[in-house]
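Two complexes, one shared chain (chain A), two partners (chain B, chain C).
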Partner chain A sequence: MGDFIKHPVVDMPERMPAPAIEADKLVFTDDEKKQMKTWVSRYPTADGAIMRGLWLAQEKFGFLPPEVIQLVANEIGIPYANAYGVATFYTQYFKEKKGKHVLDICTCFSCQLCGGYDMLHYIEEKLGVHKGETTKDGLFTIQEAECLGACGSAPMLQITNGPFVHNLNKEKVDALLDALKEDKIPAFTSVTLPQDEDEMGGNRRSDVSSIESYSVRPVSETLS
Partner chain B sequence: MPKITLDNDTFEFEGRPKLLQFCLESGVDLPHFCYHPSMSAPANCRQCLVEVGMPQINRETGQPNLDESGQPIIQYMPKLQTSCSMDVADGMVVKSHRSSELVKRAQKDNLEFLLINHPLDCPICDQAGHCPLQNQTYKHGPEGSRFEFRKVGKPKHIDLGPNVVLDGERCINCTRCIRFTREISKSNQLTIIERGVKNYPMTPPGVEFDEPYSMNVIDICPVGALTSKDARFRARIWEMSKTASISTVNAKGSNCYYWVKDNKIVQITPRTNMDVNEYWLADEDRLDYHKFNDNRPTGPSISGAQVSWEAAYKAASDCLSGVDGSRILFLGSATATVEDNYLLTKLAAKVGASTPMYLAHRKEGHGDNWLRTDDRTPNAQGCERLGMKVADVAALKARISNGEVDVLHVLEDDVVASGVCTAAELAGVKVVLHYYNTTNETLSAADVAIPAAMAVETVGTVVNEQGHAQRLRPAKAIADVNRTLSMEIGKCRADRHGTPFDKWYEEANLINCQPGWVSLPGIASGLGLELNYKGPRQIIEELSSSNDAFAGLSYEGMGELGVRLSEQGVTA
Partner chain C sequence: MEAKKTKAGDWRSYQRVLLPPVKDLHKLDVYEKHDGYKALREVVTTDKWDPTSVTNEVKKSGLKGRGGAGFPTGLKWSFMPPVNPEIPRFLCCNGDESEPGTFKDRQLMEYNPHLVLEGMLIASYAMSIKTAFLYIRGEFADWITLMEEELEKAYAKGYVGKNIMGSDFSCDIVIHKGAGAYICGEESSLMNSLEGKRAYPRVKPPFPAQKGVWGYPTTINNVETLACAPLIINRGGEWFSKIGAPSHPGPVLYGISGHVNRPGVYEYPTGMLITDLIDEVAGGMRGGKKMKALIPGGSSTPILRADMIDGVTMDADSLREAGSMMGTSGMLIMDEDVDIISWLRRITHFYHHESCGQCTPCREGTGWLENIVTRIDEGKGNVRDLDLLLDLCTQMEGRTVCALADAAAWPVRYTITRFREEFETRCLKEMAPSGGVLETA
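Our next item is the complex of A and B:
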């Protein structure tokens, strides 16, 4: 958002883009079609199923170029324009091709104060690309994210719309990037708040075994 | 009957109207941008906010609690309500900006938000002068902007389709255009893309906004975000006069306004008539106006040589006199008014010819059961009701090539372009032609060519495909007409509010032509038939008493919205 305030210009998407996915690959399997039908049947109107449909398509194709959005819209049975409006509304639907792992580094208030930008810049330097760009090997895309709702464990990042990595510091980032290069995605981690540490062995969630303790990070380098 | 109180005035209501619609109909001018009576109410512009309260009901007795003076205590809702999405209820008490400081403040503050990223384009914006946002800002808006940052830049002058241009910065995201394509035209070609401060309406990639009703979004856009590619930058709203009339491109007879500057049609916009076209107008009706301005005749002519009107009438009546009626062929026109065709039938009867026929102009498969029809003429039903029949082109062709026709009198049509005959085949036939444009292919074969006033220059009646009889009004002046004296011609702002010295328009581009109800009596008098009508109004009076199909029809009855005709005339 920082750049947008300095230079608030909205770019227009290309209106007549060349297809990014070959026509013969642009199909859903019977299982996927069946799955979409199930979703459609759960809502009063077919519009309700569009988000899950887009999600399925993004997992299948990796991102959502216009032709994929149109395919989903046809499959769900809603107008293409409506589906396109939904897809562009949410940043977590990727409209262009991203790296294998998308790192959303939070730089909203809490993370910013605890060093979110330090982490962002560190990752940028380490991978040699700027935010919004993808590394040459196609492995990582770095993005600056607004609040992801984990202020208690700031600074944090999210890996490809999936698991959060909490309480970031440089060592943790190094270890994370090394693991991701070997395709080891960290498991979901529950963060225990200080007031809960005495109860239930510090883990209030019965469904996960991996726990991380809440810790107060040093403030951002740029602030101190 | 249930009652509602608006700013201390009590109104009765029926059914469950929406509060905003009820206020507008009751004369309370609530500001609004996103609400449109024919579409769903998303309540996203937040301009129609009002205070809404209901009488406080005692839970034990079920009766309203009363204050010391015996009046029911009104319990107001804690927050302001959007009146566009609120149903009117019995006993409801509403405070609008006329009586509530809170509502006034809300309107002003919401306007300030809307204007944060709205560019100060007004001096070059086509919407300026009839812009709801501009009007509302002048009336109730803040004095200045407190926003100290750069305004957001969005795509400008984007061709959404062949007829509509988008200016993303001006958009206030009311979504009227989106809802039009979703709910009214059902083309689903538009959507709001992106989110928050970055959003604006757009077609999805690979789609062009090319539906046949696309230009309606220009009218319903409450700002200048969507403008007409055809009309933009051509004239300011205050330079044009507008006349309420009828579109003559197809047989639907959509109600429209003709916008005129310097006696040229500049733009055509829809006029609301819930019996015919509701709020809408097809693109084909809006764009087919160049025929009114271009290739117009300069005056009557005999065999190509310009003559006076008297000489032309004399020549035409000479053509018709002294010839056996069965060898004269009269062709009426589904483009001409009922009045003119009626006069032609009287002329034909006078010389003993059979009732005029008319040429059908149909484009099969073009119609869509909405505002576009297969029939490309406005008045085929009017001709039918006059007892005129569609001409069989093949039979006509045979009659002309067999030499069975000595005189051909064509009212406002083009026999050569219609394929009835070639210009060469008319060499032995005397042709009297009433024509609109110099592109008329029959013109070269015409012995007497009489320029006819078009739908935007004449007074008359047309009957649409459903039998709706409606009036044409002159939108622009012709050579003999003084537009400031002609009460029918619409006024521009200079006419209404200017002094005699404020001549913002030119008295130029006056076409030397005559409406059929002037030229046909001119020809008829040479044949000893006096058609002394004061004007089309009197012709319709006569027709309504002599022809059952027009029984009860009058100019007063038709008014601006027209009347429905059955076989037995005007239906109740």
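Our next item is the complex of A and C:
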């Protein structure tokens, strides 16, 4: 064979990595177990609950190393291979340890045209890491995201699979990063429909404190 | 040239019905005051309606799916096999909404969640379904929480669950949280995702109505499509069929993004002139620039040059004539400064990232599309790369289990054919210093 193929075409994950979560912490509480049972009961077969189970585990442990996937599979009652297949298929499940706050910056086409890459590069420079990397203090991971479904308020980002931050500009990013350093995660933001602004004079929801509108949309200096 | 004519009638005085201007409509008590769950009550408690007559009313309305393919909804519902009490049947409401440029369903869930739930229940009644799933993409975590809260309130009031409003109709709604995969918007991979598998699309036939989730009869509809059902019951299929373009009627949520002054989601009838939507509804081009191109309905619908949209209206027929598709009506408007090649590069990157990897033409093809478009974008391209790309598109289209390969190939094909000069210029410019190998006629 010679050395024609020097390394696998695809980087294979390590077969038996050292556990990342200590064995005594690798348990679900009774409440969590109960929650899983509720989910399982909602589907014709237990498999349906695996996605919810993995979500719960990710929120608890931060990411999904093999031993956590095994734990979820045992709890739901499905084979490990099925659970592993699901965990590795979907991008929102973190297979390796991420920073405390994961910033998913959308750069898909609406955001691209409205300065999504400016924002991505600005955040990269400000934090001193590239996309896909985590800062040394373990606070932030930056990721380039595909369309997050908020094209009307582009550019935007999502914080750790949670709240959206709309209509980004540099000042907003600065303020956001400062707030996140103090663990202040922004509240749910409602983007006002332009027609509501015309007909109702503003956002229709009275229970939301944080409101965005097209009228505060930034104009990027370097539109592509 | 034929005169510009809108099919939307007097759209300037249009009264919204999907997102009517009511303060706090997302709250159950406010929704109830504004005819909320009236359609469902009528359907399940009076003799006026039975499952067939509901389906017929939807057929009469001419409602076409709002998720991209534009399939007649009533017809889809009638594909479900006859009821067999031993075989469960399912409804899936598709709220995956990951097509770039589309952001309408999210607004519907945020501002009028009970309309979506009521629509799901009416559809379930029409098809004698006892379990309905609402699949929402994982990125919409906040909206999933909101829908779950509202669903709980609807359960508490007896609108969902056992013996709805004292009738013998029972239906449960389960909200399923996705985890970030574009492909889940495709109906058969959505079913696999629901079943807790990797979201690989399935070969059709068998179609979902025969063999859907867990092998049982299933119908899959978009969020916006199902939200139209209560309106059709309340005001009649005939009223609905008279809104907008006759061949593609109804209210539609236009998601307008890109270089316009007022981007956002707008509710108007179908058949709006594209020029009206841009100039009047969305406040015109930002910075007074000229328009270069637009995408009428999400990233996979073919791009239209600014000189191709005169008199074109937003409905299936008119857009087909113009050389594009209605898709999800998520419009992206691009101004004259847009570098169409690097824009296309980003799209090919998207499809390469989102290809599920099941079929070779798509898994490999999307990668090659990205590689070659990137090469051209970086100025290292050759003119013959353009024909290579078109050939690659031909090799991908229609040769895979689902339509993702087609969706990936179309933007490349139509952007190249419709902006060929720009691509050739980028290629030639870089060829010249090496000795002008290529001659231009």
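Just so we're on the same page, the second predicted complex is superposed on the first by the 196 of 224 C-alpha atoms of A that agree within 3 Å, B and C clash if a C-alpha of one lies under 4 Å from a C-alpha of the other, contacts with A are read in each partner's own complex, and residues count from 1 in each chain.
As a working rule, contacts are C-beta pairs under 8 Å (C-beta built on N, C-alpha and C of every residue); 3 or more make two chains touch, one makes a residue touch a chain.
All values reported here derive from a predicted model rather than from experimental measurement.
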Q: Give one of first, second, both or neither to describe whether A:Glu22 is in contact with chain B, with chain C, with both, or with none.
A: neither
Q) Once the shared chain is lined up, is A:Pro13 touching chain B (first), chain C (second), both, or neither of them? A) first
Q.
Under the stated touch criterion, which partner chain does A:Tyr80 make contact with: chain B (first), chain C (second), both, or neither?
A. first
Q: Check whether A:Asp47 is in contact with chain B, with chain C, with both or with neither, and answer first, second, both or neither.
A: second
Q) Does chain B (first) or chain C (second) touch A:Asp31, or do both, or does neither? A) neither
(Q) Is A:Glu182 touching anything from chain B or chain C once the two structures are fitted on A? First, second, both or neither. (A) neither
Q: Kindly classify A:Ile69 by the partners it touches after superposition: chain B alone (first), chain C alone (second), both, or neither?
A: first
Q | Which partner reaches more residues of chain A (counting touched residues only), chain B or chain C | A | C
Q. Touching A:Glu125 in the superposition: chain B (first), chain C (second), both, neither?
A. neither
(Q) If I apply the document's touch criterion, which positions on chain A are contacted by chain B in one structure and by chain C in the other? (A) 82, 85, 89-90
Q: Flag every residue of chain C that touches chain A in the complex, lowest number first.
A: 16, 19, 21-27, 88, 97-103, 106-107, 110-111, 137-142, 172, 174, 176-182, 193-199, 213-214, 216, 255-259, 261-267, 282, 286-287, 299, 330, 332, 334-335, 337-339, 342-343, 346-347, 350, 353-354, 356
Q) chain C touches which residues of chain A in the complex? A) 42-52, 54-55, 78, 82, 85-86, 89-93, 107-110, 112-114, 146-154, 158, 161-164, 188, 190-196, 199-200, 204-207, 214-215, 217, 219, 223-224
Q. How about chain A: which of its residues touch chain B in the complex?
A. 5, 7-17, 66-67, 69-70, 79-85, 88-90
Q.
Looking at the complex, which residues from chain B come into contact with chain A?
A. 149-155, 158, 168, 181-182, 188-195, 197-198, 200, 202-207
